[in-house]
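Next up, some structures in C-alpha cells.
What follows is chain A paired twice: with chain B in the first complex and chain C in the second.
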Partner chain A sequence: MSTSGPAPAGAPQVKSLNCPGCGATLTVRSFGNAVTVICESCHSVLDAQDPALRILQQFHASTDEDPPLIPLGSRGSIRGVLYEAIGFQRRTIQVEGISYSWHEYVLFNPTKGFRYLTEYDGHWNDVSILRALPELSAGGATLKYLGETYRHFQTVDAATAFVLGEFPWQIRVGEIARVSDFISPPRVISSEGSGEEVTWSIGEYIAGRDIWKTFKLQGEAPAPIGVYENQPSPMSSNVKKVWALTGVFLIALLAVAVGAYWMESDEQVFEQTFEFNTGAGGEGSFVTDVFQLKGRTSDVELTTNASVDNDWIYLNYALIDQDTGHAYDFGREVSYYHGYDSDGSWSEGGTTNTVTIPSVPPGNYYLRIEPESDPNRGLVRYAVTVKRDVPQASFFGLAALALLLPAGLMTWRSLNFEHLRWAESDYGSAPSDGSLLSTVESITDTFKGSEDGE
Partner chain B sequence: MTQPTANCPNCGAKVVFRWSGSVQTVCEFCKSILIRTDLNLEKVGKVADLPPSSSPVQLGAEGIFRKRSFVVMGRIIYEYDQGNWNEWHFVTNDGASGWLSDAQLNYAVTFAAQGQTLPRECKIGQQYTWNGQAYVVSTITKAHYCGVEGELPFQYWDKSDVVFVDLMSQSEKFATIDYSEDPPLLFLGESVEFEDLKLKNLRSFEGWS
Partner chain C sequence: MIRSFFLAYGLFVLALVGFAEYRGWSMNRIDEVRDVPKSVRDNPGSYRSVYSSYHHYTGGK
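After this line comes the complex of A and B, so read on.
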C-alpha cells in the first residue's frame, strides 16, 4: 500500500438508487462520471451529481417508445477495449418539413472513458471526442485533420427528442444543438455546439453486424437503407487499385504485342494471279499448287485482290491439308461500287478483302477455289496471297478492351455511389474539386442536363 | 531521494514527505492541511470529506510520460456544474513536478510554464501563442475548489471560486490558465490517451477487471 495517502474508500461500485420521481430502482453504471441520469420508468431527467438526484426535467414518452437496439448495460469491445452501453438518445432534425431521426449510444469504460455509437437507418458510426482541433478552411467548405481533407456535407439543428440512461453532460429533452458534418469516408468529423463552445468528434463507419457480434445482440443487424454520408464506397477504394492494375496489365499486353510483332514470321507462302471468265459457265472450281505452312500451329491470312469496278466476285475457298484431307471452308466477296449522285461522289466496298483463319497446324496445304460473279461480266482478274503467322492487332485490341471493362464498370458504379451519397447533402450533388471522379461526374451531369433540356 | 519527516502539529502523527519540493501536504490521520516552513509544519486548515472519486488514478500511482517515469503524490479536486475533476500532482524520476488532469476520464499532462504573458481574461475562440505553439480557447470553466490530498508543490487551500481557461491546438498540445492566483498560472502540456501513460497501482472497479 502506498505510504503517501489514506486508502481509498473501497473500489467504486455500481450504484443502485431510487428515482425521486417514481421510486423505481435506478442503476448508475459510470460511477461518479455521470452528470445526468434518466429514469426508465417515469422519464425523469435527474442530476446524477446531486446525492438526492434532483429532478431536472420530466418528459412524456411511453416506456417502449424507442427501445435501444443495444440494451443499456450490454457490453462489447470497440477497437479492443471493453465498453458498456450506458446512455441512449434520439435526435431529430427537420429538412424541408420532414423529420429525420438518428440514435446515439453512450459507451463507458472506467479507465478509457466515454465513446459513442450513432445509428441512422442501419448505418453505424464509432465516435470519439477529438483531442486536437481540426484546421477549418476559410470558407468552411473543408477542414484538415491529421493531414486528411474532410469536405463539408451538411449542417443541421438537431433536437434531443428522447433520452434514457446516463450521460457525462447535462442533457435535456428539447435541447437543440447545431451539428456540422465533414466527411472523408469512412470517417466523419462533426462539430457540435449549443452556444459558443464547440465540441469536435470523429466517427468511423462500422458495420452493424460487427456491433451485433461484439454486443451479442439477438437476431441480425437491420440492413442499412440507402447510402450514408461517410459510408465507404464498396468501389472507390478499389477503383484506384483496379486502374493501377489495369495499367500494369495494359503495359504487359503492349509488351506482348510488340514481342509478337518481333516474333511472328509474317511469311508469305503463296501468291498467284488467276483469271475468271464469267461467261464460260459450268463448274469453275480448281485447286492450286501445294504450299508449306511451317512452324507451330498459327494463323493464316488470305488476301484476295480483284480487279472489280462497279461489280463483284464471290470466291468459295477451301484450305485443305494434303495429308489429312482436313479442310477449312470459307467464302469471300470482293465488290467495289462508286459513282456520282446529288450528294456528290460515293463509293462502297473495295478491291481487296483479307480474312484470317486462326490456329492452322503446320503441314502441306493447297487451296480449292470456286469463283462466282455476274455471268455477263466477262474476264475478272484476281490475285490470291497467303501469309503464315501474321500478328493480329485486333486480338490485342480485344484483350485491351476486356482488361478495361472491369475498371470502367467499377468507376461507373463508384460514381453512382458518390452521386447517391451527395444527393443527401446540403448541396444535393457532389462537389467539384478537379479530381478524376468529380470531373467524370460533372461530365455525366452535363450529359444528363442536355438530355433534360431536349 | 531523501524523505524528510516531521510530526503533525495537530495530532502528532508522523508526516512523510516523499518529495523534497513539497510545500503542502495533508496529514493522513487527522486530515489537517499542513504547510512546510523549514522543518516545522504549520496547520492551516482541515480537509472536508472528499467527494467519492471515480478516477482510476490514486496517490501512489506510477506511470510514464515521454520516457520519464512519475509517481502521483497529491491532488486538487474541483467542482463545477458538470461534476468534478481531479488535478493529480506527480513528480518525475528527475524531480520535475507536473499535473495529470482527469476530467471525466479525459486525460492531460501539463507542467507549469513561467515567463509567458497571459491575458487578464479570455473569450472562446481567441488564439494565443506560447513557445511557438498556437492555442485556441476552447472552454472557460467556473469551478470551485473542493479539496486537496497528499503533497503539492505550492500552497493550495481555502480557495473559493476559480476560473479555468482550457486551450486546444491543432496538435494534441493543450494548455490551461488558472486564474486562482494573481498573476494567473499557465500550464502547458498535451492531451493523452490513458493507456499511453502505462499507469500502475490504479484503483480497481467493481465488475471490471
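After this line comes the complex of A and C, so read on.
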C-alpha cells in the first residue's frame, strides 16, 4: 500500500493496492470512503472496507466492450466543485423484450463527498442524493419536493450489468433494483431500492458538451438521440411568451381594424340599375356617367346584383379615368343555379358579385360595361354599385392567421416534444396537469386514439 | 431571441396590413390598360376588353 504523493488542496487522495485475485495494482481514489472496489484486470468485486480486500464477486466481461466515456481518474468541476470520476456502471432494463442500457459515473470530492452523472443516448444528468424525503401522493402518480410537483414517469427493474472503479455501497453485477422516476423537467427525482431500503436522488439535465468541457475530454460529446424523460423542452417557455405576444398583437390588429373602418370613407360614388335584352343583338357595350373618386389613392369596390335565376350574366367591366386614359379591366360573372334532386335541394352561386379594384388614384371615372348572357334568356336586370375607400376584412383575417401561425407552430412543436417524451413512459402519453398544453395534448391524443380505433 | 423575432414579425404584419388598408390593396386580379382613347366614351364598342373571350359557365348541378 502506498500513497501517490501529496494531492492538491480539495483534490481527492489516491492510494494504490493490489488485487487479491490477480495481483494487479488497484488505484483507490476515495480511500476510506469506498465500500466496493472493482479490479479492472480480473473483474473481481472487492470489499474496500476489509483490509484484506475480500473478494465479494467475480464477473466475466471485457472493459473494452463498453468503455466509460469519462475515463476514471478524470477531474472536472460540477457546480464549482472539483470532482474526480472514480466509478462506472452500466445498468440495463428490459422493456417488451428489448434491452435498454444507461451509464452511471461515481464522482468524488474529499470534502463534498459523492455525486453522480448518468448518461443515456447522449443525455446527461447531474445526480445527487436527496437529504429530505419527498412527499409522495396517495396514488403515487406525483410527488412534491421543495414546493415543486414531479409527475411519475416510469418504474422499472434495473439490473447492474457492468461495474468498474469504486462505489460507496456494496455493488454486485446482476443485482436488481426497482427504480421509479418522477419528472419536472429539467429535474428528475428517482427512488431506487430493493427490499426495505430505498434511496432517493435528484438529477438535473445537463448538456453533454458541458461535461466534455469540464472533464477536458477528447472530441465532442455524442449528440443526444431522441427526447429524454427530463430533457427541458426548448419550446415550452417560449410558447407562453409567444402566445402572450400574439394576444397583444391580435388586440393591436383589432385596433387597426377599428381605426380602418372608422377612417376609411366607404363612400358610395355610383349606383345604377341596367337592363340587358339578351336577344336584342348588335353592340351591347355602353358607358356610364362620369363619377368622381376623391381622396388619396385607395381601393374601389364594385358590386353587381343581377336578377338571375338558374341562369348567368357575364359583365366585361372597364373603369376608365377619362382624363388620363388609365383603365382597370376586369370581368365578373353572376350566376345562380338551384334545384331539387334525389339528394334534396341544392344551390350554387348567387345573385351578387363584388370585386375590389386596388389602389385607384383620385380622378373622374366612368365605367364601360359589356354584358353577355344566354341569347335566349330575354331581359336581365342588374344593378351596379361603386364604393370608394372600402375596408378589406380579408386582410384582417389573413393578418390574424399570420399572427397566430408562429404561436401555433411553436405549440405544435412543443406538443410533439412532450409526445415524444411521454411515449417512452409507462403511460404512453402525458397525464393532464390542467395546463393549456396538457389539455391540447390530451385532446390530440384522444383524436389520434379514435383515428387508430377506426 | 425568439421573442425578439416574433416581436419584429408581429410589428411587420401589423404595419403591412395597415399599409395595405391605407393604400387600398386588393386580392382581386385586375388588369390595367394605359392610354385608352377618349373616343371610347363616344364609341364603347371600339374598346376590346381583356376578358371578352372568356368562356362562361353554363352549368348548374
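Definition applied: the second predicted complex is superposed on the first by the 403 of 454 C-alpha atoms of A that agree within 3 Å, B and C clash if a C-alpha of one lies under 4 Å from a C-alpha of the other, contacts with A are read in each partner's own complex, and residues count from 1 in each chain.
Just so it is clear, a residue touches a chain if its C-beta (ideal position, glycine included) is under 8 Å from a C-beta of that chain, and two chains touch if they have at least 3 such contacts.
The structure presented is a predicted model; accordingly, all values stated were derived computationally and were not measured.
K.L.:
Classify the contacts of A:Ala327 with the two partner chains as first (chain B alone), second (chain C alone), both, or neither.
P.N.:
A:Ala327 sits against chain C, while chain B stays out of touch.
K.L.:
Would you sort A:Asp299 into first (chain B), second (chain C), both or neither based on which partner it touches?
P.N.:
In the superposed model, A:Asp299 contacts chain C only, not chain B.
K.L.:
Decide which partner touches more residues of chain A, taking chain B and chain C as the two options.
P.N.:
Here the partner covering more residues of chain A is C.
K.L.:
Looking at the overlay, does A:Tyr366 come into contact with chain B only (first), chain C only (second), both, or neither?
P.N.:
second
K.L.:
Could you tell me if A:Glu135 is touching chain B, chain C, both of them or neither one (first, second, both, neither)?
P.N.:
Touch status of A:Glu135: first partner only.
K.L.:
Just checking: does A:Val179 make contact with chain B only, chain C only, both, or neither of them? Give me first, second, both or neither.
P.N.:
It touches nothing on chain B or chain C.
K.L.:
Let me test your reading of the model: by the given contact rule, A:Phe114 touches which partner, first (chain B), second (chain C), both or neither?
P.N.:
In the superposition, A:Phe114 contacts chain B only.
K.L.:
Can A:Asp374 be said to touch chain B (first), chain C (second), both, or neither?
P.N.:
A:Asp374 sits against chain C, while chain B stays out of touch.
K.L.:
According to the stated criteria, A:Ala383 is in contact with first (chain B), second (chain C), both, or neither; which is it?
P.N.:
In the superposition, A:Ala383 touches no partner, neither chain B nor chain C.
K.L.:
Where on chain A do chain B and chain C both make contact?
P.N.:
Looking at chain A, the two contact sets are disjoint.
K.L.:
Any idea which chain A residues touch chain B in the complex?
P.N.:
Residue list for chain A touching chain B: 1-6, 8-9, 11-14, 30-33, 35, 49, 82, 109-114, 129, 131-135, 168-170, 196-198.
K.L.:
Across the complex, what residues on chain B touch chain A?
P.N.:
Its residues touching chain A are 16, 18, 26, 28, 51-54, 56, 58-60, 73-74, 81-84, 104-106, 123-125, 136, 138-139, 149-151, 168-174, 191, 194-195, 201-208.
K.L.:
Can you check the complex and tell me which residues of chain C touch chain A?
P.N.:
Contacts found on chain C: 2-3, 6-7, 9-10, 13-14, 16-18, 20-38, 40-41, 44-45, 47, 49-52, 54, 56-61.
K.L.:
Which bits of chain A are touching chain C when the two form their complex?
P.N.:
The touching residues are 238, 241-242, 245-246, 248-249, 252-253, 256, 260, 264, 283, 285-287, 296-300, 310, 312, 314, 316-318, 320, 322, 325-331, 333, 335, 337, 339, 341, 346, 348, 355-360, 366, 368, 370, 372, 374, 389, 391-392, 394-396, 398-399, 402-403, 406, 410.
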